[in-house]
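Take a look at the following structure, please.
Which chain is which? They are A, B, C and D, in the order written, and residues in each are numbered from 1.
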């Protein structure tokens, strides 16, 4: 399998040959990659160097927490990526769903439906773990349907409002 | 002398107190909410009683139930820890009324210091310098506060009268934004302390937050155990503390320590307490408030003095004299505490909940971890996000920083996101290493993303790791599909059956 | 000055050394056997290289491979830890020949002290008292030893010349049983050290095993860091150590310390070492042997002196002077170490292997755990059964004991059996609490079963616990059967199909 | 379900009524019994007292490690036990199989087939974890078939020899 993986704007072509060999940007490497206790903690020894990282699947990137630093990595199947590029890339914009990042209580909703908002604007306040957390607009847009109101308890990942 | 202690708290501090009791030979009684049935404090205590549903107001804030449980279980003392009921004089008074020793100050001292307005007035009378702000007032209305604000001057701080931990605190730059900020501060204070009262205080810029641990017995002895540097804060929440402070020399330490003792004496203080000061750039210091309880960051003082503060609290509560006179208190080396919070440093420090599936605690020389969690434990949204305190000691500040670095690198928690990367980046920051920071450093001059860029880059390795993890997952799902295909053999069975019956 | 250290060891001591290197800013290279791919020392090191199959002789004893790896990886120093190659002068010499710093004494000192016969002769010349035994001899045959034995007198000990850790040691009561015991001692020594040579030593009864930590730099300074009481042994294996010893006063400590320093000077010693003494009932002390390496139990000395011994080792190996003069070494409080072994205390301390499925490490004030294992790690039969060291510090011996009690009670390891209950029983033993014990205490006057009978009895609770666990299991298996019945639905499918086709 | 559980020679009659109630020797009790993290670590709160134990199934007893002390507990279904008692109790003696308590190397076999041995006599030496461990006869008897010889590696639970 051949992958194109993007980390911090840099693309790496990585072909997985077998359990112990990869080709990284044309160079064959011996890698020893194991999961620790079946957890998303992985130990890798490559060229004698020992690395350990917590690796978790995000959307759409994989989060690699390595030596105190987070590296979001986009891993794409080379063939898929080529097809996508040929078709003109992913569709930008579209509707954005704001979901509750954790369970909690809606303290205030600071916007109304059809209101125009700018990136970074606070949309609502969610109380969780005794803290009031501001949920902000990830981009400019217009508020669509608001599905909750102040005083309501919400579950993690519950849709709160949409932005279009 | 009491022999059985009820710990009216949860999490790491409940565990900390149970440990002290056990090491003295006292029996322990835990209380717990429905969310905490398998919490460490319940597992470690000799006895455990259910308080009620998960929300604090239905469990850990139920003073009435806690006193009932103390009575029923025969506990003759209560340790409140920090937060929850720790600074509620009515709770302390109710304990006393029931004949239960409250391990902490007298209700009158909690009242005097717990109401930040009264506290300021009291210490001013004793000659202790304070930050300019609203004086001598209890329940000021928004109108009162808006009227007084221009006299104090902007920027200023709205602070909860019953407050602590940055809850109900708001920074105000102009009078225009003040009404809204008052509203949200009162709302947060009400929700955190059940008391929406607030007061105002001038914002001292470029200041350090320095606090002194004091300890008083019932025999007239008041001793300080030195200072803690608590300037590294975010949203008025302490993130990292160290002892001693790089900003103090012996002379200043002695002067501030004497003032701290004086402030405690002003309210006839008993047991452990903390005097918080602001120290400005010119080394002027102002009394901020007194925390009339055990402090989260007490372990760093324990590391540099060798004194077990919780054991001293119990000793004093049992009516005995302090084990140390001021001249017995010696400082040795340097200690740092990193508060490990279940929050995502890459997403605006949003709290993170979930089940801890894996945990590897750093150990070895000079490392102490105070925690209430373990693999299998569920972090719920009901309580404070602090899940552990990582404390290190070193012969020098530099050695403590290096040790903290290696301890943070060893620490693994899987299942919730934590602020460990934030602390790792801080330990690599030149400003931090130089000890050059004030209370605004984290928010105004420290960016996790920027700071990370100056650190060693393992982008290529991260790419390989992510690719291999993704590849493994693809392979695994392929195998599951294959197995399902094998297992979905009903149709094969049916086929065989048909042939048999042909 | 070297900058990259290869750690020629595994387990907790490899982790301990990696931590020290990291805190100094040195790079680390781990080596590992096939059984140790996921061991903590491999995970924590900057680099890691495979040595070979699991058995020690194919991996951790492969001096040639280790030196190759050091060369290949650019490691310019080697720390041998304890055991394995730590006391092999040929390995130390090979390092030197390759231009790699050996973090330890010079080969000549290892040779002089490593051969227990030569060691005795050397220190006798320097005026140090020794236990009567075979003198000045290297490779004595069984016949030689049988001839000499009656002159020494019975009971006596057969000890491995290359020995340590009680391996290859046998107690002999009569000349008749000696030939067989010689055979088994040689066999064990051969297997443990690759050297079957043994010597004889009079058995001092009622004695305590007291050892002194010494440290020497290349500038002529030799300093001792006080004593460790190591009398609690089983089959000549230390189980529990404490510092200071209840049997020493300041005067005796000073006298024994000076002799220890003299013994080290006799072989022109460099780096860390331990002088072992026997102390008889009349406070006479005899040199037993010198361990020319870091000792398992070094942390208790670290806890009472505040000195990081491994960092000092590195410092001295880098050619610098010791950080401490004798008068700088101060003792504070009391420390105890319990060796946590994977073995079954209820079945003759039989080693226990398996995968650790759950682990909860005691933490909090005054507690240190040095370990190389974690949940998910497999304990194999190839190496030493010691999986962790639990070390506590207290202001007094009594406080240390109470703290150790609570720490042992908190410690959970599931997956292998451990000797934690043994230590818990010991902590409750009056003889131990009184500090009244010698090297024969565990084997001759301490019975786990008898000691347990005097402790609090929770038989009824145990009955309820066992019944509920058994009941839960019965219920669970009933459910599995039910689910299987539901899932074994091929026949239903077949039935339906048949009906459809009817 | 009704059980008779024997600990240290004492019999306890324990009826499990439901998830939270048992009758212990005729007395109804409220018990809160949970497994910690799906492990054989169990937390039990009864009458306000908090207990934690590692509980593992042995043969035939359950090993309860509680407050630093091991309590082997024989848990028997009351009906089964009554039947067994009626039939005259379990058969004593019979053949004993010595199995390897851990993987290791057989150093020496100290007995021969058909040899008479006494309880506590060392039968063979097994090296594991660098230690030489003596495996002893659990009772008097005669050595039956010896299935291994010196120098052989054995797996855990591998039968080594029998005693009759």
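A few remarks follow.
One rule holds for everything that comes next: a contact is a pair of C-beta atoms (placed from the backbone, for glycine too) under 8 Å apart; a residue touches a chain by one contact, two chains touch by 3 or more.
Since the model is a prediction, treat every value here as computed from it, not as a measurement.
Looking at A-B and B-D, the interface holding more C-beta pairs in contact is that of A-B. Seen from the Cα centre of chain C, the chain whose own Cα centre is farthest off is A.
As a whole-number value, the distance joining the C-alpha centres of chain A and chain B reads 30 Å.
Averaged Cα coordinates give chain B a centre that lies 38 Å from the centre of chain C. Separation between the centroids of chain B and chain D, computed from CA atoms only, is 46 Å. Inter-chain spacing, taken between the CA centroids of chain A and chain D, is 51 Å.
Residue positions of chain B touching 2 or more other chains, listed in rising order: 44, 358, 374-375, 409. Chain A has residues 36-37, 39 in contact with two or more other chains. Contact residues on chain B toward chain A in their complex (touch as defined above): 56, 167, 184, 187-188, 191-192, 342, 346-348, 350-353, 357-358, 381-385, 408-409, 412, 414, 420-421, 424-425, 428, 452, 455-474. Contact residues on chain B toward chain D in their complex (touch as defined above): 29-30, 37-38, 42-49, 72-73, 374-377. By the touch criterion stated above, chain C contacts chain B in their complex at residues 15-16, 19-20, 22-25, 44, 299, 302, 306, 308, 332-333, 358, 360-361, 363-371, 374-375, 395, 399, 402-403, 405-406, 409-410, 490, 493-494, 497-498, 501. The touching residues of chain A, counted against chain B in their complex, run 1, 3, 5-8, 10, 12, 14, 16, 22, 24, 31, 33, 35-37, 39-42, 44, 46, 51, 53-55, 57, 62, 64-71, 73, 75, 101-104, 107, 127-134, 136, 156. Every residue of chain A that touches chain C in the complex is listed here, in rising order: 32, 34, 36-39, 43, 45, 48-50, 52.
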